[in-house]
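In what follows, structures are represented as structure tokens.
Presented sequentially are two complexes of chain A, the first with chain B as partner and the second with chain C.
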Partner chain A sequence: MVSPELLLGGLTAGLVVGSLYGLAALGLSIIWGILRVVNLSHGAVIALSMYVAYLLSVEYGYPLLASVLISIFFGFVLGMVAYYLFVHKVLGGPELASLLSTFGFGLIILGTLQLKFGGIARTLPVTTATIEVGHVPIRMVQVVGAVIAIAVAIAAYLLIYRTWFGRAVRAVVMNQEAAALMGVNVTKVLMLSFALGLLFASTAGTLLALSYSFTPETGSMYELYSFTIVVLGGLGNPLGSLIGGIILGIAEQLTSIVASGSWGPLVAFVLLLVMLVIKPTGLFAKL
Partner chain B sequence: MASRTGLIITSIIIILVIIGAAYYLAKGGGKGTTTTSSAPATSTPSPTTSTPPATTTSGAGGAGGECIVKIGFTASLTGKLQKESAEQLNGIKLWEEQVNSKGGVKLPDGRVCKIKLVYYDDESKSARVQELYQKLITSDKVDYLISPYSSGLTAAAAAVTDSYHKIMIATGAASDSIFTKGYQYVYQLYTPASRYMTPTVDLLMKLDPNNKKVALLFENSKFAKSVAAATKKYLEEKGFQIVYEDYYPPGTTEFSTYIAKIASSGATAVFGGGHFQDGFNLVKQLYDAKIKGLKYVAILVAPPEPAFAELGDAAVGVIGPSQWEPGVKYSPDAAKKLGIEWYGPTVEEFVKAYEAKYGHTPGYHAAGGYAAGLLIQYILEHAGLDTEKAKQLLDNLDLMTFWGHIKFDNTPEKHGLQIGHSMVLVQWQKQGGKLVKVIVYPEEAAEAEPVYPLPWGS
Partner chain C sequence: MEAARIVSELRKGRYITNIIVAAVIVLLLGLGIGSIYSESLAYYRETLTTFMVLLSVVLGLNIILGYTGYVSFGHAVFFGIGGYTAMVLMYYYGVNIYLAMIAAALVAMATAYLVGLIVLRLRGAYFAIATIAVLEASRVIAENINYLGGSEGLQLPATYYRGYHIAGYSGLMAVHYIAYFLLVATITVGLLLNLYVSRSKFGAGLRAIREDEDAAEAIGVDTWKYKTLAYVLSAIPPALAGAVIAWKRMIVLPGEFFNLELSIKAIISVMLGGSGTVTGTLVGAATYHAVETSFLTSFPSFHLIIFGAAIAAIAEFLPMGVIGWLRLRSAKLRFLLE
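And then the complex of A and B:
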């Protein structure tokens, strides 16, 4: 039937694709875990970073590497500004308030992208060598993306569990008032956490843009994936998101090898359902 | 209190900045969409009408006097179909402008009528479409209708228009299923999905009768699956061996595992695709994978789009079906040879007029819009405003225009389905180091010889 070589290829492709899904989900997960805000602008920020890279490298003609770096860190700066504009005032209010304000923020981004670029698919001028693992062609640019994604997820884990900033973050998550009394600048911690969440989203978006074409709608697909992964991996835990993403990626790629690709979404949702039944908190506990 | 005032002022400033930025971008980026109907979705939107002052309404003018014919439709000025719909609208507007600048259309009773377009923004939503077509028929009392853009919206519109026995010319809609519902007053201009990819099979047989091992990899969406089913049936009839068949979920970007299975199946030709994005990514990854022995790739939807050129070398050699291209060779002479009546401008005249008005070359969406107007002009000249006469005319129509051959199925089972028009096949080729899109099939429309086998297969 299916040769072990093909299976190995499918696993590798799943790992490579899934680690990028995981990185995207990490952005959503961390903002929920720390701020208790479901960031509905997540997909829009992913799409925005793709277009920032496109604008700089294709339309303005900057070197690709510089464009990519700028579009990655653009997410962080945007996050700092967006925190004060759209998140700060609604924190601690009813959950609907933060849903609406982040949704509105996302709509502004998407509307602007639609006006400026329209619905036509764009792509970055990246040509790349491929390596074959078990007959499955895997492009080098994806391998690089996967390595970065895994490194970022581990760095995020270390940041939260091994540094002073991480201790402050965890303190804020446990009890904001107590943290403030101990001298933690709560607003600053929340602002930086939101910015970090957007940084992860823009990193994922930029790396995805190197491999695939995109439209303003593309981000919403990864937003949907991110919600699935966050439930799989456990809210707020960086490694949980990464592993959740990899599980989803492998499930998707193996489905198209073992059965038919059209079963992919079904397999993903069955996985999600099983997880909700047997371990509703996800694979990893939250922060 | 002070902080609240501050907050209010800040909010006002932010809102003003956003409105300003949006306005600036809309002026710079939103070309072609004359946003006269930017009125939001209120219950009674004011129709966007154009040029001639409404001196008299249709039928009111006596013989020889000025009269006005109202053509109604909806366009997706907003929403996900905005881009394609805007092009289609451009085509319709160009037709209206040309007719009116010549004084109007002469009806069989001798009156010369100007055209007045009545249209609304359907927001790319079928619920809006049904509401608005009802309004066009009952309160605006339009004479003839053109469909919205896309099969989905056209299906929604047809359900309303046919129940009022109003003729609607369907353009931008390739679905077969609209025409199996027993409608008697809907007529399709596009080649239907069932015949979308069959010419790509014909071309392969012509190029290489020995290339018989094919892989099918289409999107798991309504349109692509119906094309795939028809293509598969045709391939089997022609004695091809289908060595791989799969359907990927909509939105798929990563094709490496599919490609691995295509490679191990030993296929030498690939038929597939669905929408632009996935077709684009699929070709890019096929190119990167350099499958041994792969000689022929035919992809749905993506190749005719100018943006396909962004693939660079990967685009070379890929075949794609298109409803219409500016280089097609339909002409009065060709019509004469086939013994069919020719009507309207030549391809060159249409392309030139369109470029002069909009500053870019028309694609098939724009041509389809213009063709719908042109067909209505033909109806007006031959049947006037009598719906039943017009229906008889269309049922027996056999016409050649710049759009190509137009002939409708007049059996009760598939009434209104397009059976005359056929797809042309385009291929991206390198000419003098530059990527160009040329028509390679059918021979009577071809601009260049097809490149075969794929230059990037190995």
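And then the complex of A and C:
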């Protein structure tokens, strides 16, 4: 039987790690909701941001904070370039074309990471200070990461619903031709949205790298989690992604406590399948 | 007159496809027989074994992705289910490979039916993602259940192979040859299934679903029945191949049998050849296999990068595949290439 303290610990750990999952999912969700492209390079971008932070802080000896900030911003720049190289030409085409071209982009990243770093697990040099909630240890960096993740998700919500750019984005989602006629530069909106999606992915990746070790393949697990959360939280909805992420995080942590750690990922898949069947539009409203 | 001409061209096309398919099977058989008598052909036997594993998934995938338009991203799950079913029967009950293959196909079909009840409600990217989840979930289940060997997998003892003989070889010596011929049989089954789908009213219904599912429903295609049957049939070739490979390697491992990469390779091959064509499956799988083996030997560390660039380039510049492109370019080829 699970004691109340352990339950509280599991809930807290789930909340903390789940908000990071939510931020990662937000990157996938925004691109899917706005460009109608399922970005299969999502996991690779998450992994890439981890290694950018690693390269700068460990191999080049930059201060950790600077490395983290650069690796976060790197996602945005990469997104702007990748949009023109891999996404622009397949927009509006068959779904399979965009799935394949973004997957190809992901393989290029993955191949580069494997070439440079191999399969050995790496970590960032971070303080290991922990707090303990109900016998479940939670690292301080995770708490900081969770706070940042929640702040970014709220900022994304404000960006989409409270700014001129957000209005242009919503106009493009509703009707591209009409938006273009009203003077919205559709290509630019789509390009920036893609870059924004990669920015959220790289932010989540960098923050996750602070608390967990990683290999080039690590990203693929977060990619599957992101799919689950997007389906759970609804497309393009920042707060939906955040809440979906927290639900998944808690479900995963509680499963690890009740059963064993290796069953954790199965929760995500089962949750995903159940959600797809009962409510594929997600728990929360669309963008 | 025009209609009569088209019918005669279509007939000619079917005739040519029959010859191509028969020639491929005869060539594969010939090489297998040759390799028994000449050790210098052993390399080709092994590389063709790898090729046929890919082709088996491609032939299954072509039915659901090519003809029906459902992007199954996790199609290798049926390879895994086939492999694990066969291994459980061989390991715990000493069943021979031939019966194990049949059981593998039946279990995979039943699984496809049950999984289809869930995933075939979904369309487009949602279906694609659900199939990835099914694949990954199967892997996690295989890793965590002791009966299936957990992450260590199940391994057959060498003594299991005592009863197998072929052309003077026996036991473990015979396995490579027998496995090769069983894969040729698998490919034959897969090609026949694709020919059937390509030429039947059933296949016409699947194409209607691919073009517009709601319209297909409206004109009286029982879309649910059609796509379920397509999904069930598409599980057969990969399941048979999975059983053969489990037997040949003597071991099943979760990561190797529930392998997303194999699924992706199959999608690329289908795309490369031209989805929804019979000859396209052969062209796509052969091209992919040739490119992969040559890159792997000449640029082992760069292959993922080159791979990725190639996939993106195909998606952006050749979305119909080689056969699709040829058919689009020439009215004559449109009818001749099936």
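Here, the second predicted complex is superposed on the first by the 270 of 287 C-alpha atoms of A that agree within 3 Å, B and C clash if a C-alpha of one lies under 4 Å from a C-alpha of the other, contacts with A are read in each partner's own complex, and residues count from 1 in each chain.
As a convention for this text, a contact is a pair of C-beta atoms (placed from the backbone, for glycine too) under 8 Å apart; a residue touches a chain by one contact, two chains touch by 3 or more.
Here the structure is a predicted model, which is why all the values come from computation and not from measurement.
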First, second, both or neither for A:262, with chain B first and chain C second
both
When the two structures are overlaid on chain A, which partner does A:112 contact: first (chain B), second (chain C), both, or neither?
-> both
Is A:253 contacted by the first partner chain B, the second partner chain C, both or neither? first
Q.
Under the stated touch criterion, which partner chain does A:94 make contact with: chain B (first), chain C (second), both, or neither?
A. second
Query: Of the two partner chains, chain B (first) and chain C (second), which one does A:6 touch, if any: first, second, both, or neither?
result: first
Using the touch definition from the top, say if A:121 reaches chain B (first), chain C (second), both or neither.
first
A:227 contacts which: chain B (first), chain C (second), both, neither? second
One more residue to check, A:38. First (chain B), second (chain C), both or neither? second
Chain A contact set shared between chain B and chain C covers 85, 89, 108, 111-112, 114-115, 262, 265
In the complex, chain C touches chain A at residues 65, 71, 73, 118-119, 121-122, 124-126, 128-130, 132-134, 136-137, 140-141, 143-144, 260, 264, 267-268, 271, 275, 301-316, 319
So, in the complex, the side of chain A touching chain C is made of residues 32, 38, 85-86, 89-90, 93-101, 103-112, 114-115, 220, 224, 227-228, 231, 262-263, 265-266, 268-270, 272-273, 276-277, 280
The residues of chain B that touch chain A in their complex are 7, 14, 18, 21-22, 25-26, 28-30, 80, 82-83, 220, 246-249, 251-254, 256-261, 263-264, 276-277, 280-281, 284-285, 288-290, 305, 307, 310-312
Note: in the complex, chain A contacts chain B through residues 3, 6, 9-10, 13, 17, 85, 89, 108, 111-112, 114-123, 125, 127-128, 130, 134-139, 208, 211-215, 217-218, 221, 252-254, 256-257, 260-262, 264-265
